[in-house]
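Several structures are given next for inspection.
What follows is a pair of complexes built around chain A, which joins chain B in one and chain C in the other.
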Partner chain A sequence: MSEIPFVFPNDVHPPWSIMIVLYPYITGLVAGAFVVSALYHVFHREALKPVARLALVTSLCFCAFATLPLLLHLHRPERCFNVLVTPSVTSAIAGFGFIYSAYMLVLVVEVWLVFRPAIVEQANSLTGAKALFYRVLALGVTDITDRSRAIDSRLIRVLAIMGIPIACVLHGYVGFLFGAVKANPWWSTALMPVIFLISAIVSGIAALILLYQFISWRRGETADRECVGALARYLWMFLVLAASLEGLELLQMAYEAGGEWPILRALLTEHLAVSYGLVQVLIGSLVPLLLLLTSFTRRLPARLVMFSSGLASLLILVQVFAMRWNVVVGGQLFSKSFRGFVEFPLHWMSREGLLAAAVILTLPLAALWVAGKILPIWQPAEAGTLADAR
Partner chain B sequence: MNRIVALWRDTRHLWVLLILVVGIGAVALMARARMVPESYGETGPYRARARDEIAAKPSVLIADATCLECHADVGEERAESLHKAVRCFHCHGVGHEHVALARKAAENPDLSVPPAAEWDGNFRTDIDLYVTEDRATCLACHQAVVGMPEDFKKINVAEHLENMGASETESRETCFECHAGHDTAP
Partner chain C sequence: MVELEVIGGANGQCGGSSDPCESAGCQCDSAESDSRRQFLQQASTFALGAVSLTLFPVSVAEGEPAGGAGGGLGTDAQPPMYGFLVDTEKCIGSGKCLTACRVENDVPEGYQRTWVERYVHFKDGTVQVDLVPETGYAGSDQPPIDPEQVERAYFVPKLCNHCEDAPCNQVCPVHASFTSPEGFELIDTERCIGCAYCVQACPYGTRFINPDTGTADKCTWCYHRVMRDEDPACVEACPVGARLFGRVDDPDSEISQRIAAIPTSVLKAHLGTHPKTRYLGISDEVT
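Showing the complex of A and B:
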């Protein structure tokens, strides 16, 4: 019937660049890392103690850069505050601004309370400019009593409890931003917020396993097998959930075979064959699901469990990026006429190019490195914090 | 009394934190009060006065009336045609340079206005003015797709060309073997 592809004029140029792929990716890492810290602070999973602080600070570092891709995408980034200053009740992104701000506040306060004993200690033991820096970080209060530690610990737990729903809403909301676009059948599904949330948790846990293993290796220590094993088992469970939800959603679309299915089938089989079929499903989901099974038995050597968990985490991080790519880019590859496809422009050296994307992805890691210089993230099980409070 | 002093000592850092958070919130609210423009929200989530300001700006769109100042014959061709609803720039480009040159030429007979360029087949083209005797122009509107209005003239190209016995079925100009662009009568 169609000799020439029919593409609506407003579909010719895909407006959302790789920056919009990074935005849910980074936000997902924030939410996922926070869930791990909450598993320790709220649900008392002692096995996760070695990564509890790392998880919290990782969450903060990624959160600090979560909106940077959006700012780079905006042609007038200085107008970003308009969504907060004059919010429209029907604007989805305005809602995100408030949820993000609330989450950032909870996260900053929680991190501050967790590290206050260490900050105060530094303020009291150092001299000169360094002492001043830590005194400012301590907000001028440089004495700690046992009772204040206990109060802080209770408050940390309250904030961690509050943070769980906010982190879930934060990333569920990112899914909602896509799920609410009713003109796009690849996005418009009520499952989208749930899928985004679960895959966010998956990516956060995977990132923590890798970070923990990398940092342990750099410090010449052995990563705690119990901790990595527990993380790997959580990762396996959430990966099963994520892959099932994604698969079921696709199955439903295929089985319903509505008017949009022919274009979606062509999208998946021709345009996203590699990034969806190969990377997201095969290499990124099925292989890690098998690799992570090694964490369920104690009979295997620790090195094998560590290696398979690390490899699985790496593959999962690629998978989640591919998933964001397939959603954001895939949804723009076909015209809303359902009759034609467009090309997705990808450049190295532009404001929204691959190089800028790579720099953005390294910035949270650089922030984590700086945070590691200022705060004792890697110190094992210090006095204070959770155990004392309980 | 001692208990109050002890409580103050143990929670001092939290009070400092609270004052800081409330202070930042207060500054943000004050900043907001300054940043919200006057007349914002009177008629919706935008600056109400912006509508009048925008309406007062001169139009940059070349209206059909401007084209018809010189191309009155096209106006006559289209007078009874369904295509009178289609604006000139839809098929021929925005024509800013062309109109500017034509206005200068009207004052200076030595100047000439170059003819319209051959269209490159891309609707995002930046050619100022072009001739679009190209099937893609016609099919941009008339290709039969799901959901088109019942009374809209829509065609299945292959079927239509076969039924009409078109000789050059692959030609870009094939539509214009039988149809004129301005007058829609077959």
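Showing the complex of A and C:
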């Protein structure tokens, strides 16, 4: 029996745009970068010291813009505060405002504590408007004695510990937002929050490797091999986990072959063949897994390890974006009639268009550049260790 | 909007609580106690109003009897409960219901609050599903199907299922999707932020973001008409009685008697949404 495609009339207008692809992508980078900073501040991975501050500020910069794609997506953005004022406890979206606010608070306070000594030193050494600026940033707390710094250090650790579950909830919840939609068989799986969370960590580590290598290159310095190697090994481990979970999810769908499998199979083989099969699985997962193996041996030249880690990170960042795309867009390509597919509209110049998306992705990097001008984000590997600070 | 009248009516009643002194018939002779009582009354009213607006807007609305426009129906303590029965054996695909809905509810072009699907099983095994044009097939430019090639065919009108466990209602982050006291799933267009999560959550594709208002939109079973003691526009327009609407809490109503007498079914029953729109004469191929 053959069927002629048919879609429900309202399904020809996919309601979620590329902005909803960006939203989990950016929050993923936020959560992933925070995990790296926590590996240093909580789990004392000394090798990550060169990127610990960078990770924290990167997380803050991306977090500052995490709501922008959502605002651009809302058809009534002027009512956005309804989510905080009249939240519905049964809605996943309603949780966002509170989880995001809590996470932002933890991040801002932790960043302030980490950079407070530097801020006070700048306030004391500079004059005029610059000194005033740093005095305002110090919030009147100018004590940077050893005792005061020890208290800061303890607080930073507490905040970093608190931040880990909040970061996990922040991104796990994003996965839940999709996983709990029983109307959509491409989204409705209990694995979705876990997959989102692990791939978030993957994207955060990959972004930090690239940022670290890029900033080192711009400063004419050599990135620390120990640091990049450690990041690459963590990246490999989390990538194995992410790829396995994603593969298992698909395998289970195919093996069970439930009533909706025919439309999902068509989705994968005909509509997501490039973005899923080629980009997400082959180029974005399998190739990086092989490239990152170079970080497990000391016999290879440092340049090769640096290059392969950087290339793998770049591919992984593309892969995680493709994964978000395949979930968000893929889930809207087929009609709920399960009998046909629709076109996903892409525009350059609209409010939710590609140009706006590109600008949103650039803004956190611009913020990071500005933060680098204000705060001493750069932390050479040979400087004092965490143990010294404690 | 009708939806707002429900919320407004509920809040209005909440804010207008009667004076316990007056109801007891007592007299308060002290101006000071009067002003204190007035202050306390206003403060508590304000606080209750604030709470009702922030945390429990829907539950308050649900707990009150239908206000304003709803007064015309059902004076019992319990609000009247309604249901919708689609008889696919009667539907002839005239498209009258589609025009009636669009005109009655000002539905924008390119979107549908209700539509009618045609299922055609050809003798060669091919199954064709398409949409009945608003003009009906006779008035459209669609080429006619050769009856000799057709094994069987039928029409399936679609509309909001007004589910008892509505996923659209569950996912709405701001209580804009809510259940009226009479069991209608409605949208408060003054509250909706246009996030479209409800559009994604509806398994039946009945919701859309209205491009004119920027808010979620869908079939309301013509709540505004029902509160005036009228049938939904599509029901009234159907020339063959394929759409039947009425009170399901009244065992003597036509809809209650038909549902009791004939096996009916709901769409995507496995999802556990418990639709209140029921179907007669469809097979499991209808999604």
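The definition used in the following text is that the second predicted complex is superposed on the first by the 377 of 390 C-alpha atoms of A that agree within 3 Å, B and C clash if a C-alpha of one lies under 4 Å from a C-alpha of the other, contacts with A are read in each partner's own complex, and residues count from 1 in each chain.
By our rule, a contact is a pair of C-beta atoms (placed from the backbone, for glycine too) under 8 Å apart; a residue touches a chain by one contact, two chains touch by 3 or more.
None of these values were measured; they are calculated from a predicted model.
When both complexes are superposed on chain A, chain B and chain C occupy overlapping space and clash.
Look at A:183: by the touch rule set out above, it reaches chain C but stays clear of chain B. Touch criterion not met for A:128: it reaches neither chain B nor chain C.
With both complexes superposed, C is the one of chain B and chain C in contact with more chain A residues.
Looking at the shared chain after the overlay, A:336 reaches chain C, while chain B stays out of its contact range.
In the superposed model, A:74 lies in contact with chain C only, and not with chain B. Applying the stated contact rule after C-alpha superposition, one finds that A:220 touches neither chain B nor chain C. In the superposed model, A:92 lies in contact with chain C only, and not with chain B. In the superposed model, A:6 makes contact with both chain B and chain C.
Residue overlap on chain A between the chain B contacts of one complex and the chain C contacts of the other covers 1-4, 6, 9, 12-13, 85-88, 90-91, 337-339. Per the touch definition, chain A reaches chain B in the complex via residues 1-4, 6, 9, 12-13, 81, 84-91, 105, 109, 112, 116, 138-141, 143, 145, 147-148, 151, 155, 259, 337-339. For chain C in complex with chain A, the residues that touch the partner chain are 53-55, 57-58, 110-112, 115, 117, 125-131, 158, 167, 170-176, 191-197, 199-209, 214-215, 271, 287. The touching residues of chain B, counted against chain A in their complex, run 6, 9-14, 16-17, 20-21, 31-32, 35-37, 40-41, 45, 123-124, 136, 139, 143-146, 156-158.
Across the complex, chain A meets chain C through its residues 1-4, 6, 8-13, 15-16, 70, 73-77, 79-80, 82-83, 85-88, 90-94, 96, 177, 180-184, 331-332, 335-339.
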